[in-house]
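Shared chain: subunit A. Partners: subunit B in the first complex, subunit C in the second.
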Partner chain A sequence: MNTGRKIAITFAAVAAMGMAATTAMAEKMYGPGVTDTSIKIGNTMPYSGPAAAYSQIGKSINAYFNKINKENGGVNGRKIEFISLDDGYSPPKTKEQTRKLVEQDEVLLVFQGLGTPTQSAVHAYMNQKKVPQLFVATGATKWGDPENYPWTMGWQPSYQTEGQLFGTYVLKNVKDPKIAILYQNDDYGKDYVKGMKDVLGDKASELIVAEESYEVTDPTINSQIIKLKDSGANVFFNVATPKFAAQAIKKIYELNWKPVHLNNSVSNSVGAVYKPAGLEESKGIISLQYFQDVTDPSIYDTEPYKKWKKFMEEYYPDGDQSSSFTAYGYLVAQTMEQVLKQAGDNLTRENVMKEAANLDLELDMMLPGVKIQTGPDDYFPIEAMMPIAFDGEKFVPVGEVVSVN
Partner chain B sequence: MDLFLQQILTGIANGAIYACLALAVVMIYQAIDHFNFAQGEMAMFSTYICWSLIAAGVPYWAAFFITIIVSFLGGLAIERIIIKPLHHAPVLSHIVVFIGLIAIFNSTAGAIWDHTIKTFPSPFPSGSFGGLIGLHEVGMFFVTLILLLAIFSFFKFTRVGMAMQAAAANPVSAELVGIRVAWMLALGWGLAAAIGAVAGMMIAPIVFLDPNMMLGILLYGFAAAIVGGISSPGGAVAGGFLVGIIENLAGTYIPAIGSELKLTVALVLIVTVLLFKPNGLFGKTIVTRV
Partner chain C sequence: MDPRLTVGARIPIKWVTLFVVIGVILPFFMDGYTTFQATLVMIYAIAILGLNLLTGFNGQFSLGHSAFYAIGAYTAAILYFHYGWPVYATIPVGGIVCFVAGFLFGLPALRLEGLYLALATFALGIAIPQILKSSHLEELTGGVQGLDVFRPAVPEMLPLTMDQWWYLIVFVIMLFMFWVAWNLINSRTGRAMMAIRDNSIAAKSMGVSTSLYKSLTFGVSAFYTGVAGSLSAIIIEFVAPDSFTFQLSILLFIGMVVGGTGSIWGALFGGLFILIIPNFAEEISTGLSYAIFGIILILIIYVMPSGFTGLVNLIRTKIRGRIGTTG
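Presenting the complex of A and B:
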C-alpha cells in the first residue's frame, strides 16, 4: 500500500471512529449479522479428517452458546446464532468455508477457527475484509500482531509465550542450569526456542549448551538425543510433536540420563505421549498448564468443576468429560461471551475488536492466578501458566504460576 | 570417544531399520523391475493388522505369522486386481497407481485406527547393552540377517526364485521357455508385501506405530537399496547399515550438516552412487543387448 493511500485510510478511519463515538451514546450500532434479537457468529472446525478429535471444541462451544441462549436469553437480549462449518483441517476448504461465512451468511465475526495452516490461509483475507478473526485455536505466535493484523487475535498461550514461561521456570527453579533443546525444524519449534532465549537474554548462549533440531521425516531422533546428553546438560527442553516427544522420553530413559525434563504443551498428553512412551519412563516430566485438568479427582468437589459438569450433562451429554478439549471449549466460549457483553449495544466489527483488546477476566475453570488480559498492543490473552509434573498417573502442581511480566 | 561409539551403534540400529525395508525394495525390484513407492504404506498397513490381532488377544508370534500370510495374499491381490490390467501401460501410469495406493493405505489406516501413535510390542526382551544399543535393535539385526539369508537362498537355489528373476529381466524370453510371467509378478508382489510386513513389525517398536510411520523411512530404504545395489539383497542390507552410520557421523561431526541436513546426506548418497556406480557398491553390472 502506498503512503498516500495509507494516510487517506487513516483519516477515514479516524473520522469514522469519531462519528461512531458521537453516535454510540445515542443509538444502537450494528455491524453485519446483528439484529435486535440475534448475533451471528461463524466458525470453522475439523469435524472430519485427521484432526477430527479437535471438533469436540466446536461442539462444546455450541453447547455453551445453547446454554446462555436458553438460560439468559443470549447476551444483552440477543441470542447467539453459532454457524460452525467443517473444513476437514484442509486450508483450501477453510478458505471456501470462511468466505461463505463472511460473504453469504454475513456473520459479525469468525471465532475459534481451528488450526495453524488453516487459519493462516484466511489470515490476510479476514484482515483485508476487516472481519474479526477472534481467538483462533492455534498456538502460533503470529496471531498476536496488532500492528500488521489488527483483526486477528489468538487465545491460548502462544508457543513463544510458553517458551518464555519455561525459561522463567528454569531460572527460578533450577540451580546452575545447563539447557539442551530438541526442537522441530519449523516455525512451531523455532517459536519455542525463541521464547526461551528471550527470557534468558544475554545469558542464553551460556545457559543453552546444546540445540538439536529434527525433521518430521526423520525415522528416529536417537542420534540427536545422544548428542544432547553428551553436552552435559541438566535440563532437557522437549519441543517435539507427540511421536518424537515419546521417542525422546524413551531414549532418555534408556540412556539413563536424568535431566529436568520440560515438555511442551503440544505433547503434554497422557494418552498420546506418556502412555506410549511408558508411564515409568515419563515420571517427573514437567509441563505447563493454564486451566484445570478435568481428570484430576482432587477438583471434583470444587464449585467450578461441578458447574462445568452440570453444563456438560445438560447441554453436551455425549461429550467426553475426561477430555481437555471440552473444558477448553467451555472457557473460550465464555471469553467470547464477555467480549459481546462488554460491547453492549455497539456491535460493530470495530467495537468488537476494541473490546476484545480490552479484557481483564478471571474464569473459574482456569488455574488460580491465570487471567485473561488484553490491551490495544497486547493481543496475547493468556500469558501465565502453572508448572505441573507427571507422577506416573496424573499431574501434580510443582510450583507457583509463572507469568511473562 | 564415547560419543563416537554411541553414534556408530545408533547408526547401526537405524541401519537395521533401513536394511529391513531395503530388502522389501530389492524384492519388488527383482520381481517387477521398478520401485514400488507404496511399499512403505503397505508395510505400515500390515503392521496395523498385526497390532489389531495382538490387541484382540492373539499371541505375538501367531499374530506375526498370520500377518505375514495375510500380507502375502494382500500383495498378490493388489497385483492381480490393480497392477495387472496396467501391464502394458507406460511406467508413469504405474507411478500414478503407486501414489494412489499410498493415499489409500494412509487414509484408510487413519480412518480405521486413528492418527495417535500406538505402542507396538517387541518380541525381544526390553533393556539394552549398557545403554549403548537396545536389545530390540540387536534382535532386529538378526531378523534382518535371517531374512537376507532366506531371500538369498530363494533366488539362488529355488526354481521359482530363478524363474522370477528371469521373468523380471527378460519377460519375453522367460515366457518362451515356459515361465508363467504374469504369476511371477504376482508372486513377487506377495513376497515383497510379506517382507515389508516383517520390516514394519520390526520397525514399529522403535518409532511407534502411526499412519505416517514409513514416510521418512522409505526414503532411507531406497537410499540403502541403491547404495548397496538394487539387484543384490546382501548389498541392500550392507547399504542400510552404511547409510545409517554415515548419516549419524556426518550429522554429529560435520557442523555444516548437523541434524538439519541428515536426510540430505541420504539423498546425496543416492545421487553419488547413481553417478559413479549405477549398479550400487555390491550390485552386478547388467549388460543389456540392444
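Presenting the complex of A and C:
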C-alpha cells in the first residue's frame, strides 16, 4: 500500500467518523444533568419534622429507581441518579434545597416535591428558571395551569377533580338527586364544592338543595347536619377532615337519615374515621379511589400485587407494605420512567415537559380503567377514579370508573 | 463582671474595615446559590442578634422569636401583595410592627421570670402558625397556601445579578443593625439592660426603671427579628405558616448560644452555624440528620462552653499572655 492511498484512507475514515459524530450529535440533545450514561433527577421530601411519615414516598421512589438501574440499566441506557433532599416541610428550606438541586447539582428536573406550601415556595422560581417541576405530591388544583405555569405539573387527582368525579357519579347513578353539601370553609373545602358545581353546570342550583360550611375551630357540626337533613336531600356530600367527617357520619345515623353518602378521600380512612364513627354507622359510604388498596386481601393473589410485593421485599425491605405511600411512590416513579422513555435521546428540559404532557399510560397497580393521561392543555394526569363502598370491614367496588373526560 | 460595664469600648476599626471589604467582595466570587445562602446567614444573624439583645444582654428568655420573625415576614408580604408596596419599603415597617408587638408582649411578660417567661414565649411561638392559618385571617394571610412576594428587577445601571444585589442590600442592613446594637450596648441604656440582667434588685435601687427597660428591650429585640423576617420573605419570595414553626425559635436559640450569648458579632457565627450544620448533617445521613446535628451541637458546646466568641477571646488572651511573657 503506498503512502498516498494510506493517507487517503485515513482521511476518509476520519471524515466518516466525523460525520458519524455529527449525526449522533444531532440525535442526542441533552439538557443539564444528562450524560450518555446518567440522568440526574432532584427531589425534596420531609425526611425530618412533623410530616416525616411522607418520606416513605421518597424512599420507595428511590427503591424503584434502584430497581430499574439494576435490572434494565436505567432508562434507554442511562442510569437514574436520584438526589432526594430533606426540607423538613419548611418552605424556606425547600427553596434553599431546590436552588441547590437546580444550581449546584444541576439536575435535569425536580420530581415529586412534596407539600402544598413547600412547592408553592418554588413554583415561581422553577417556572422562571424553566426547570420541570414534575408530578408534585399535593392535591391542590393550582398545579394544572399550563398557560401560566408551563413547567409545573401535578399527579394525583386534585380536590377539584375529585369533586367533579363525585358530581359525575351522582348524575350517573342517582335518580332524581337532591344534594346536600357539608364543607370546610377554606381552599380545600371550596375546591371540592367548585368541582362538583362545574360538573352539574346549569343544573347546579337546582340539584344542590343545601350547603353548609363549618370552621376548623367549630366544636361540632351537629346543627349543620340537622339543617342539611331538613332540606330533604337524598345525597350527602361529606367534604370534611377526619374528625368532622366522623361526627357527620354519627349524627346522620342518629337522625335516621339515609342519603347516598359520598365521602371525600381526605377522610376515607377506616382507622381515623369509620372506626371512631362506628363501623355499623359507616356502612354503605361511598368514596373514590385510584390505585389498589394494599391492605385489601382480595388482591393478594393478583399478578400486579405480587410484582409490587417482590419489589418491596427486594429493594425496600424495611418499607411498610400496608401503607398506601409505598404503593403511591412505586406508581409515580413508573410515571417518571415512562416520561424519560418517551423522551428517548432528546433529554432537554423542553422535551421532557413535552413528553410529560403527552402521556397515555396504564399501570398495573392502578385500579382497572384508571389511566394516566395528559395533553398540552391538560396538566392533570389522573382524572378518573373508581367508586368504592365501605361494607363495614373493607371497601368493595360499586359501579364503573368515573372520569372527567 | 462584664468588662463593658467598666471599660469604655471602641470599635476595632481595623477588623471592621477588613470585614466590610471581604463582605463586599465576596458575592463576586461565589455562584448564585452560595450567594443566596450567604444572604440567609446574614438574615439569621440579624434575628439572632435580636434574640441576643433580649437574652444575652437583658437576661430575659424567649422561645418565641419565630413569632416575631413571622410577623415581620407577613407584614412585608401583606404590604407587598395586597397593597402593592415596593418591597424595599416593607422592610422597616416589618421591624416597626414587631417593635410594637414585642413591646406589648413585654408588658405582661414583666410579671414572668426565667422559666415562666420561656414558657409564655413558647406559647406565642406555637400559636403563630395556627393564627396565620385561621380562616378569619385567610383573606389577608392567604391561609395555608401562603403569599408570593416577587422582587423587582435589579436597577438597570448596576451590573449585578438579583442574588448579588440582595446580598449587598442585606449586608448593608446588617452592618447598620450591628452598629446600632453596638451603640446601644455601649450606652447608658445598654448598661442599664446589663445591670438588670446581673442583679435586678441592685439595678432598681440604683434608679433604673426595670419594667420600662425590660419591655423596651423586648420591643427592640422584636424589631431586629422582625426586620430579619421581612428580609427573609423577600429573599425566599414566599411566606406560609409552615415557614415559621416553633423549630425556627429553637434554631435561633441554638444560633445564639453557639455564637456566644452576650456577644454582638457572635450572632454572625450563629447564623452560619444554623444554616450550614443541618445541611452538613444531612449529607452524612439523611435519615439520621437530627441525631448528627445533635452530636455536633454537643461537641461544640463541650469544646466552646461560652460559644464561638468565648473561644476567640480565649485564644486572644492566650496569645497576648505568651507575647507578654516572652516579650
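Keep in mind that, in the parts below, the second predicted complex is superposed on the first by the 379 of 405 C-alpha atoms of A that agree within 3 Å, B and C clash if a C-alpha of one lies under 4 Å from a C-alpha of the other, contacts with A are read in each partner's own complex, and residues count from 1 in each chain.
What we mean here is this: a contact is a pair of C-beta atoms (placed from the backbone, for glycine too) under 8 Å apart; a residue touches a chain by one contact, two chains touch by 3 or more.
Here the structure is a predicted model, which is why all the values come from computation and not from measurement.
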Q | Fit-or-clash call for subunit B and subunit C when the two complexes are aligned on subunit A | A | clash
Q) Given the touch rule stated above, what does A:D86 touch, subunit B (first), subunit C (second), both, or neither? A) second
Q. Is A:I226 in contact with subunit B, with subunit C, with both, or with neither (first, second, both, neither)?
A. first
Q: For A:E71, decide between first (touching subunit B), second (touching subunit C), both and neither.
A: neither
Q. Where does A:Q247 make contact in the superposed view: on subunit B (first), on subunit C (second), on both, or on neither?
A. first
Q.
For A:E206 in the superposed arrangement: first (subunit B), second (subunit C), both or neither?
A. neither
Q. Which holds for A:E393: it touches subunit B only (first), subunit C only (second), both, or neither?
A. neither
Q: May I ask you to decide whether A:G271 touches subunit B, subunit C, both, or neither, giving the answer as first, second, both or neither?
A: first
Q) Should A:E215 be classified as contacting the first partner (subunit B), the second (subunit C), both, or neither? A) both
Q: Go through the superposed model and pick first if A:E313 touches only subunit B, second if only subunit C, both, or neither.
A: neither
Q. Of the stretches 81-89, 117-125 or 243-251, which one in subunit B hits subunit C?
A. 81-89
Q.
Just to be sure I follow: which residues of subunit A are touched by subunit B in one complex and then by subunit C in the other one?
A. 50, 185, 215-217
Q.
Looking at the complex, which residues from subunit B come into contact with subunit A?
A. 2-3, 6-7, 10-11, 13-14, 17-18, 110, 114-119, 128, 131, 134, 203, 206-208, 210, 215-217, 219-220, 247-248, 251-252, 258-260, 262-263
Q. Tell me, which parts of subunit A touch subunit B in their complex?
A. 50, 53, 185, 212-220, 222-224, 226-227, 230, 242-243, 246-247, 254-256, 271-273, 275-276
**Q.** subunit A contact footprint on subunit C (complex, rising order)
**A.** 31-33, 36-37, 40, 134-135, 138, 143-146, 148, 150, 232, 236-243, 245, 247, 282, 286-287, 289-290
Q: Mind listing the subunit A positions that touch subunit C in their complex?
A: 47-50, 84-86, 88-92, 95-96, 99-100, 103-104, 115-118, 120-121, 123-125, 140, 185-187, 215-217
